[in-house]
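These notes open a run of structures that come right after.
One chain, chain A, links the two complexes that follow: it is found with chain B in the first and with chain C in the second.
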Partner chain A sequence: MTITATLAGRGRISPSRARLAKYLRHATGVAVFILAWELAGRTGLISWLPAASTSLARVAQLAADPAFLADLASTLTAAAVGLPLAVLVAVPVGLLLGTVPVVEEMTRAIVEFLRPIPSVALIPLAMFFFQPEINAKVALIVYAASWPILINTLYGVRDVDPVATETLRSFGFGPGAVIWRVSLPSAAPFIFTGVRLAASITLILAISVEYVVGGAGGIGAFLIQASTGIGADAMVDVIATLVWAGLVGLVVNTLLLRAERRLFRWRHA
Partner chain B sequence: MIATLVRRLWLAPVLLACWELLARAQASPYLPAPTRIASWMYERWFSGPYVLTEEAVDNFVPSLVRVVGSWSVAVVAGVALGVAIGRMAWLSDYVDPLVEFGRAVPPPAMLPVFLVLFTMGTQVQVATIVFGVVWPILLNSIDGARNVDPLQLETAAVFGVPARLRLLRIILPSASPKIFAGLRLSVSLALILMVISELKGSTDGIGYLLSTASNNADMPGLWAGVVVLGVLGYALNSLFLMAERRVLTWHRGARRTA
Partner chain C sequence: MLEIDNLTHVYGPGSPNEHRAIDGLKLSVAEGELLCIVGPSGCGKSTLLRSIAGLITPTGGEIRVEGKLVRQTPDNLAVVFQDYSRSLFPWMSVADNVALPLRRRDMDKRARREAAQEALESVGLLGAAEKYPFQLSGGMQQRVAIARALAYRPTLMLMDEPFGSVDAQTREDLEDLVLKVRGHHRMTIVLITHDIDESVYVGDRVVVLSKAPSHVVGDLRVDLPGPRDQITTREHPDFVRLRAEVGRLVRGVDVATPA
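Our next item is the complex of A and B:
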C-alpha cells in the first residue's frame, strides 16, 4: 500500500506540491541556521555572538522604535530620491552615447577613467561641496547609481536591431522618433537591469555616507550609535540593524526582479 | 593612427585646461587647479628615493595588500563553497534563502560588527572585504556549477573519469563564465569596501590618508587621494579583464562556432 502510494507520488508530483516541498526545504535551511546561531551564542562557542533569540527579539523591538524608524525612513528617502534622479541623468546620456558614435568616441577616455574611481572615496570631497549632509548623500547616490544605468543603456542601444532602425528611417522618421519608438523600447530590458544593479549601489552608498559622516541620519547613523554602546549590548543592536538592512535590501531586490520579469515577459517568450 | 588617438583623447586635456583656468580665476580653496594637485602628489608621494616617498609606501602598500589578499581569500572560499553547493542539488534548496539574504545585506553595514569585534587594524579590513565580496562570487558559482551539461558529466562517468578530473575539466570550465561574471562585480566592490573600512577603522592606508586630509581640510590631498584610487581601480580592473580574457578565450570561441 505505502509502496504503491510512494511510487504513484514519484511518478508525477504536481507542481504545487513540488513548490511546497521546495519552500519547506527553504524554511528548514533557515531554521537550522537560526538554531545553530542560537546554540553558538548560548554555549559561548563564539564568545562575542549574541544568541539568535536575543538578536531577533531586538529586531522585532526595532520595528516599534521611533528613533530607528526615523533613521530607516531617512535612508529610504535618500535612496528613493537619488535613484530616479540617476535614471533621469544616465538614460539620456546613455542614449546619446549609444546613438552618436562620435560623442561616444571622444568621451570614452573620460568615462574609462571616472568609472573605476570607488564612489565612497568621494565622500569626504562631497562633504565640502554639498551642504547639509543630506545633499551630499543624494549627490553621491546619483553619481554612483548612474554608472550601471549608463553602461547598460549604452549596451542596450548598441544591441538594437539595425533593420528596425533602418526601416523606420527609410519611412521618413526623424532621429528622435527612431530613438523613441525603437531604441528606447528595445533597450528597456537592459536599462531596467541597470536600475536593479543601481538600487543595491544606492543602499550601499546611503549607508556608507551615513556611517562615515555621522550627521546625515539614517541606518548608518543608527549603526554608529549602536556600536558605541558597550560589549554584548552593542553587538545585539548592531546585528539587529544588520538584519534590518538585509531585509530592506532583500525586499527592494525582490520587488525589482519581479517587476523586471513582469514588464519584460515578451522578451523571454 | 595619430588622428584616431587625437580624436579619442582631445576632450580630456581640454577639460583639464578649463578646470585649470576656472580654478585660477575663482581661487576657491575647494577646487584646486589640476597642476596644484599634481605638484602636491609629487611632493608628498612621488619624490622619494625610489620614486615613492615613505608616506606613500607606508599607506599604499597596506591598502594594496589588503584589497588583493582579501579578494583572493573571498574568491577561493566563494568558488569552492559555491561549486560544492551547486553540485549538490538537495543542498542548494536549503541554503538558497541564506545566500540570498547574505547578498542583500549592504556590505558597509557589516563594518560596525567588525569594528566592535576588532576595534582597529587589518583584521577589520580583511573581514569587511571578505564578507562583503564573497556573496556575488558564491551566488554565481552555485548557479554556474548547477547548470553543467548533464550529458557531459554522464559521458565522463561512463568512461570512468575520476572525480578530480571531472571537477577540473568539466565542472569548473563550464561554470567559469558565470563565476567570472560574479568576480567582475566583486573587484570594484572590494575596492569600495577597502576605502570605507580604512576611512573608519584604520591607522594607515589610502582611505586613512583621505580621512586625515578631510580632517585637515587639505583639499589638494583629498583630490590626490581620489586620483590615486582611480588609478588603482583602473589598474585592478584592467588586470582582471586581462585574466578573464585569457581564461575565457575558449568560451568565446566555442560560442562563435555554436
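Our next item is the complex of A and C:
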C-alpha cells in the first residue's frame, strides 16, 4: 500500500515497477496453470495425470538422481557439440550462397528439396553411416541445426546495405575484406537469431534420436525406461523428465536472447 | 591530379530500359583544387563519382588519377557519401569506424588509434570517440564520416552530396568544416551537390553538368575573397553574380559564355 501511495504521489510508473508488474503477470499465469494441473490430477478429472505437486517433487528428486543426471549430461553434450559444428558448417556456406548468386541459383533446387525432409526421418540413414550412436546423434543435430543458421546467414548477407560495402570498397578493400568486415558483422544479428532457433532444434533432435535408438543414453533413453515402468510412477517419471526438457530449453533460449540483446545493442537505435 | 576524358556510361546497354547517364564528359581537376559539381537531379553526378572511385566501370572513356588509369579504386582516395547513416558501420564505435580504413595503410594498431583521435579532434568530435553511430545526431554522424576520410589522408577526397540530409544550420557548419580541414590537409576535393549556393560558397571552381546523358555545360572559376564567411561571402556581389550564372546554367538557360 505504501508503495502505491508513493508512486501515486510521483504521478508516474517507474521502469523497475513496470518490470515488477510484468514479472507478476508472468508468475500469475504459471501459478494458475500449476493450480489447474494440480486440480485436474487430484480430482481425477484427467485420470492418468499425476498431480502437479507429485510431478514437481519428482522433478526436484531427479536433480539428485545420478542416472538421470548422466542422461541429461549426455543429451546436453551432444547438443553442445552439435550446435557449434552446425555454425561452422552453415555460416561459411550461407556466406558463399549469399555473396555468389550463381552458386545460390545452382544449389537452390537441392536446398529446397532437402529442407522440408523431417530430420527425424533421417535417423536410419544416420545410424547406418555414423557409428557409434553418439556420432549419429551429433551428425543429425548438425544437419538439422544447420538449416536455420544457413538460411538466416543467406538472407542476412543479402540484406547488407550496398552503401556500407561501397564505403569499404572505396577505401580500396577487396572482396574478402568486404565479406569479413561488412557482410559478416552486418548479418550477425540474423545469424544469431538462426543460432537461437537452431539451439531448440538440437534438443529436439538429440532427444528424438535417443528415444528412437534407445540404449544410447540421454534424456530420450531415460524417457523410454521411465515409460516402460509400471503404473502411476512411470507417468510421474515421464512428466518430470518432460519438465526438465522444457526447463533446459527455456534456460538456453533465455540466455541466448540476453546475449543477443547485449551483442546487438547497436541495432536498436 | 584528375583527368576525365570522354567519359561515357550507359546502364543496361542494349536492354529496353537502357539509360545513358553520362555522354562524352571531359573534365580536369588541378592538384589542391576544390571543385564543386552541380547539375539537375538525376544528371549522373553520382555515376560520375562512382566511376572516379572505381566502384563502377564506365562503358567508355578514361579516368586518370595522379596520372594512373582508374581500373579499381585508386590508392589515396576517400569518399564521403550522402547517406552517413548507412555508410558508417553501426556495429563499431566512432573511433573504430574512423580507424578501420587505416588498415590499408602501413600502420600498427596504436598508430591507427592515434590518427583516428586526431581526425576526430579536427572535426570537433573527440568526446564521441567511444560512442556508437546511433547515439549521434545526423550532423555528428556526417562529421564522423568526414573524419574517417581525413584520417585516411587521401590526396583526393570525393564527396557525394555530403550535406544533403542535414538541417540548414548543420549544413552551414559542415560547409565551413570542409573549408577548414582543407586548409590543414593538402588535398584535392571534388564535391557533388545539387545546391547552387553551396557550390559557389565552398568551391574554387564550379562545373555544371547537363541533364542525362550528362556532359559539362559550364565551368566557372570562383574568385571570392577568403576566408569565406557564411554572411559576408554570401552578400558579396561576385557571389550573387556567380550563383545566378550557375543557376541559369543548371536550368539550361543560355548565358553569354565567356569564351
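Criterion: the second predicted complex is superposed on the first by the 258 of 269 C-alpha atoms of A that agree within 3 Å, B and C clash if a C-alpha of one lies under 4 Å from a C-alpha of the other, contacts with A are read in each partner's own complex, and residues count from 1 in each chain.
Criterion: contacts are C-beta pairs under 8 Å (C-beta built on N, C-alpha and C of every residue); 3 or more make two chains touch, one makes a residue touch a chain.
This structure is a prediction, so every number in the text was calculated from the model and none was measured.
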Chain B and chain C placed together on chain A: clash or fit? fit
>> For A:P101 in the superposed arrangement: first (chain B), second (chain C), both or neither?
In response: neither
Please work out whether A:G44 is in contact with chain B alone, chain C alone, both, or neither, and reply first, second, both or neither. neither
Could you look at A:P92 and tell me whether it touches chain B, chain C, both or neither (first, second, both, neither)?
neither
Exercise for the section: Classify the contacts of A:A109 with the two partner chains as first (chain B alone), second (chain C alone), both, or neither. Expected result: first
Check your understanding: Given the touch rule stated above, what does A:G29 touch, chain B (first), chain C (second), both, or neither?
Key -> first
- Message: On the A-aligned overlay, A:G214 touches which partner chain: chain B = first, chain C = second, or both, or neither?
- Response: neither
Across chain A, the partner (chain B or chain C) reaching more residues is B
Using the touch definition from the top, say if A:P175 reaches chain B (first), chain C (second), both or neither. neither
- Pick one for A:P84: touches chain B only (first), chain C only (second), both, or neither. neither
The superposition places the nearest Cα atoms of chain B and chain C at a distance, in Å, of 16
Where chain B and chain C land on the same part of chain A: residues none
Interface with chain B, chain A side, in the complex: residues 22, 25-26, 28-30, 32-33, 48, 105-110, 112-114, 116-125, 127-129, 200, 203-204, 207-208, 211-212, 219-220, 223-224, 226-227, 234-235, 238-239, 241-242, 245-247, 249-250, 253
Listed in rising order, chain B residues that touch chain A in their complex are 7-12, 15, 30, 90, 93-98, 100-113, 115-117, 188, 191-192, 194-196, 199-200, 207, 210-211, 213-214, 217, 219, 222-223, 225-226, 229-230, 233-234, 236-237
In their shared complex, chain A is touched by residues of chain C numbered 50, 53-55, 72-75, 77-79, 81, 83, 86-87, 89-92, 100-101, 104, 132-134, 152, 158
Interface with chain C, chain A side, in the complex: residues 161, 163-164, 166-173, 181-182, 185-186, 188, 264-267, 269
